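Same chain, two partners: subunit A is paired with subunit B first, then with subunit C.
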Partner chain A sequence: MEKFTIQAQAKEPLGGERSEAVTGVVASGNLEILFERNKDSLVVTVEVMTASHGYKPVWDAVIRDFVERVSPGGMHISIHDNGARPDTVLLRLMQGARLMEAQS
Partner chain B sequence: MIPKNVMSEPSWYESSARARIEGLLDSGSFEEILPPQSRVMSPHLALFDLPPAFDDGMIVGRGQIDGCPVAVAAQEGQFMGGTFAEVSGAKLVGLLRGVAHSAGTRQGVGAVLLLLDTGGVRLQEANAGEMAVSETIRAIIDVRRAGVPVIALIGGRAGAFGGGGLVTACCSHVVISEQGRISVSGPEVIETNKGVEEFDSRDRALVWRVTGGRSRVLLGGADSYVKGDVGSFRKAAAQARNSTPSFSLETLEREQERLTERLKLYGSCHDTPEIWRIAGLPEPEGIADMTEDDFMSLLAKEGLHHDAR
Partner chain C sequence: MTDWTKQKQERARRLEAAAPFVSGKVVEPGNVTALLKSVICSEDRVCLEGDNQKQADFLAECLTQVDPADVHDLHIVQSGLVLSEHLDLFRLGIARKLDFSYSGPQSAAIARALDQGKIELGAIHTYIELFARYFVDLTPNVSLIAAVSADRNGNLYTGPNTEDTPTIVEATAYKNGIVIAQVNKIVDEVPRTDIPGDQVDFVVEAPRPFYVEPLFTRDPGAVTETQILMAMIALKGIYAEYRPRRLNHGIGFATAAIELLLPTYGEQLGLRGEVATHWALNPHPTLIPAIESGWVQQIHCFGSEVGMDRYMSARPDVYFIGHDGTLRSNRLLCQNAGLYACDMFIGSTLQIDLAGNSSTVTPDRIAGFGGAPNMGSDAHGRRHISDAWLKAGREAAGSDGPLVRGRKLVVQMVETFGEGMKPAFVEELDSIALARKLGMPLAPVMIFGDDVTHIVTEEGIANLLLCRDADEVEQAIRGVAGYTPVGLARDRAKVEELRARGVIRRPEDLGIDLLQADRNLLAARSVRDLVTWSDGLYAPPSKFRNW
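After this line comes the complex of A and B, so read on.
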C-alpha cells in the first residue's frame, strides 16, 4: 500500500452546507472518498491510500484536473483506493463535490 | 427478463449498502452510529497491505420505516466480500445489544433490519470474525427474546454465506429476491473440498438453483419472496415487522420436526428439480426459468410450508 498527501490551492471555496459526504466503495477497481471541510477555505488537501504502487504522478494529474474544474476550496479529501482507473477517480471526486454542495 | 414495472426502480442487487439504507428507510430519518468520519476502521488490513474502509463495510444506525423506529445494519458486500471481522462484527453486536437493552423503553425500536451481504468471516482477521458471528447469533437471540423481531433482507451480490448463512437462519423473518443466496459452505468451498463432480462452482445456473432465492423460499429457508427492486424490499420489511411468529420453545420444536421431515424426504436428492418432483410441484424442471410473476403466483398457490423462526 502506498500513502501520500497532495495539497492544492483552489480559486474559490466550495459552497454548500454539508459538513461531510462519502461516495464510492473500496471494491476492486473502485475507491471510496470522504469529503470533509478544512479550516482554510481555499486549501484542498487530498490524503491518498492506494493498493497500487507507483502511480503518484497520475494522482497528481487527476487531482490538478479536478481542482481546476470544480475549485473545491476548503475540502479535506480522504481516499481509500483499490485500483480504480483515473476516470473512475475523477468521477468519484466530482460526485463527492456535488454531494458537499447540497444545501442541507 | 426484468419485469417492466421494476425496470426503472433501483435494484437491490446493484445498489451499495448505503443506497439500500436510503431506499429502505423514510427519507432523511437515518442516523448513523460510528459514521465514516469517525474512522473506526480495521486495525489488521494494513498488515496485509490492503486498504481499509471508513466504516469497515458495516453501516449501523437507527431510522424509521413508515414512521416506526427501527435499527438497521447493512453490510457492504463489495468491500472484502462483506465479511464479518473485528470492527464490523463489533458494530453489529453493539447495535443488537443496544436494541435488546432498550426494548420496551422509550428508546426501544419496533424491529431490527439486517441487510446482510456477505461471504462469511474475513480470512485476514478470522478469529475475531468467528467470534463476531457467534456473538451476533447470541445477540439476535437476546433481541428476539426481548420481543423485537429481527428481519434479514437478502438480495446482494455476495449472498449470505458462511457465518452469514447461520446468522440469517437465526432471524425472525427472512426476505429474499431471486438474486439472493443463502448457504453455509459456499460453492467454491464445496468444490475445493469435495471436487467438481460434487459441486461445480462455475455453473451459475446450478449455484442459483441450489442456493438461490426461489429454492430457499420454497424450502422454508426464507419467508417472503420479492422482486429485486429496493421498493419491494421496503414493502416486505414493513409488513414482516408485524407478522413474525412467537419465539417460543413450541415454535422451535415444530421447526425441528419440520427439518427432520425435510431431511427424510429430500436428503438423497442431488439437485432441486428432484426435490420439486417429490414435493409434487408442477414443472419441476422449469421453476428456475419461470417469470417472476408466474413464480410468485405458484408460491401463493403452494403457500409457505414452515412455521420456523
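After this line comes the complex of A and C, so read on.
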C-alpha cells in the first residue's frame, strides 16, 4: 500500500448541495471514492491509498485533468484504488462530481 | 506432342492407388491413414480444413500418422492453423511450407517453429486473399474437409458451419485435385446438399464429431463500465453522426457493449431503423436483444456459433437459412460482403502506433489476420454510394478536388491500457520488432493507419479523416491515448486546438452523461439474460452457464 495526498486549486467551487457521495464498490473488484464538501474553499484535496507502487506521476496527471475538466473546488476526496487503472479512476471521479452536483 | 492431361492422369493414378482402402466413396476410419498415404505425394499442396471455427480434426490426426519417409515437405494452404496436430505436421517433417490466415491458440507455437526454421512461411494472408490464391497459384492438390453428414454418393451437408468448405472444394475439385471429407454421420439422405457429391472423392465417418470452438460469445457479465462508456461515445459520436446502416462488428468486448446498448442508449438517441440494420457478422449472442427489439433487418454470417443454431433457425427473416431450416454461412461471400457492401467496420485491437497502424501481434506470438484487414480497409473498387460513405469521403477530402469519392468508416476501439496495465498506444508496434527478429520482409500489421478513420478510447474519439498531416494524426492519437506514456507526451496546446476543430471529441463535447455509464445500461447483464431475450432458443455452451 502506498499513501499520498495531492492538492490542487480549482477555479470554481463545485455546484450542488450534497455534502457527500460515494462512487464504486470495493467488493466488486472496483475502486471506491468518497467525496466530502468543504464549503467556501477552492482547494481540492485528494487522499490516495493505492495498491500499485510508483504511479504517483500518473495520479498527478489524472487529478490535474479532473480539476481542469470539472473544477471541483472545495472537494475532499478519498480514494481506495484497489488496483484500478487510471482511466477507471478518472471515470469514477467524474461520476462522483456529477453526483455531488445533483440536486438532492 | 504436348500432353495436356497430366493432372487428369495423375488424379486417376492416385484414385487407383486408393482403391484397396475404400468401398465406393466410403472409407473406414481405420483405413484413413493408408488412404492419405496413397493419395498424397511429397511436396503436394494440402488444405487440411481448419476454418475459423470448424476443424477436420480426425483427418488432421490421421495425417500426422503417415510416415515422413513416405510423405514429406507438404505445403499447407489453409485459413486456420489452430490445432496442435497442425503444428505437429511441421515438427514431424511431414509439412515444410505454410500459407495461412489465422492461428489463434497456436500463435506462440507458430512463432517458435518459425524461429527454429521448422516452418518455411509463404505469407500470412487475410481470408479472401488466401481464397483468391487458391484459384491462382496456391491451388490444393488434396483437400481434407469436414461436414456434418454425407450420403454414400459423397453429397455433403455442412450444417450451419459451412464456412470455407465450398471455396476449398471448388478450387480442388475443378483442378483435378482430390477431396476427402470427414463427417459426423453417413446417412441415406442429406438434409440439404451444401457440396455436390461429384466434387467429393471419399467420405469417412469420424469416431467423434468435428471440433468447433465458440469464438464470438462475450459474457455481458464481464462488460466493464469503461467499455460501456466507450460504446456510448461510439454510438453518439459515430453511429449518430454518420448513420451507417450496413456494417461489421469485431468480436471484442467493446463492440459487444455497443450491441448491448443498442436497445437502451441507441433507443434514447433515436437510432433504431436509422443505423445498423444490415450486417455481415458472425452470430454474436450479444446482438440478440437488438434483434428482438426490432433493430436488425438482415445478417449474413461467416460461420456459425456454438449455441446459436436453434435461435437463428427460428429467425429466418433475419438470417440466411436453407430450405432444411438451418443456417448457411459462407466465409468467402461474407468477407466479400464486409469488404464491398459495408459502410463501417468497428473493432478492437491490441496496439496502435503514432500513425494509427494497429496490430494484434505481441512479442513471440503470430496470431495472423483472419478477416479484419478486409473488413477494416477501404475498398478502392467500390462504386456505389451511401450517405455514410460519402460523408466520410467528404471529411477526408476537406476542400480539395471536385471529385470526392467515399470512404469506408474504419473504427478502432481500444482501452488505453490493456491487460496487466500494458499500454495500448506505443511508439513502435511489437509486430515490427518481431518482423525484424524473424527476418520477415513485411511486418504483420492488422490495419494500416491510412485505412483507419476513427480511434475510440475511454478518453474520446480521434477523427483521423479531419487530420491534414502526419503531425496532426500523431497529436490526435496522443490526445485520446489517456495516461499511457504516449498519451502523457502529448502537445497539450495542439490537442486543445484539434479539439476545438472537432478532430478530438471528449464525452463532454458529445453531451454524454457519465452517470449513465453504468452496467444498468446494458440490455442484458448476463448470459442468462441473453437466453431470456431469445425466448429460450439460445443454448449457451456450458462454460458460459453459471446458473
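Basically, the second predicted complex is superposed on the first by the 99 of 104 C-alpha atoms of A that agree within 3 Å, B and C clash if a C-alpha of one lies under 4 Å from a C-alpha of the other, contacts with A are read in each partner's own complex, and residues count from 1 in each chain.
Everything that follows uses one rule, which is that a contact is a pair of C-beta atoms (placed from the backbone, for glycine too) under 8 Å apart; a residue touches a chain by one contact, two chains touch by 3 or more.
Since we're looking at a predicted model, the values are computed, not measured.
Is A:82 contacted by the first partner subunit B, the second partner subunit C, both or neither?
first
Would you check which partner chain A:20 touches, where first means subunit B only, second means subunit C only, and both and neither mean what they say?
After superposing on A, A:20 lies in contact with subunit B but is clear of subunit C.
Name the chain, either subunit B or subunit C, that contacts more residues of subunit A.
In the superposed model, B touches more residues of subunit A.
Is A:95 contacted by the first partner subunit B, the second partner subunit C, both or neither?
After superposition on chain A, A:95 lies in contact with subunit C alone.
For subunit A, which residues lie in the overlap of the subunit B contacts and the subunit C contacts?
none
In the complex of these two chains, what residues of subunit C are touching subunit A?
For subunit C paired with subunit A, touching residues are 224-226, 229, 415-417, 421, 457-459, 482-483, 488, 506, 508, 513-515, 517.
Which stretch or stretches of subunit B touch subunit A in the complex?
Of all residues in subunit B, those touching subunit A are 16, 18, 35-37, 46, 49-54, 57, 76, 78-80.
Hey, which residues of subunit A end up touching subunit B in the complex?
1, 20, 22, 25-28, 30, 32, 34, 36, 49-51, 78, 80-82
Report the residues of subunit A in contact with subunit C in the complex, numbered from low to high.
Going through subunit A, the ones touching subunit C are 52, 58, 61-62, 69, 85-88, 91, 94-95, 98-99.
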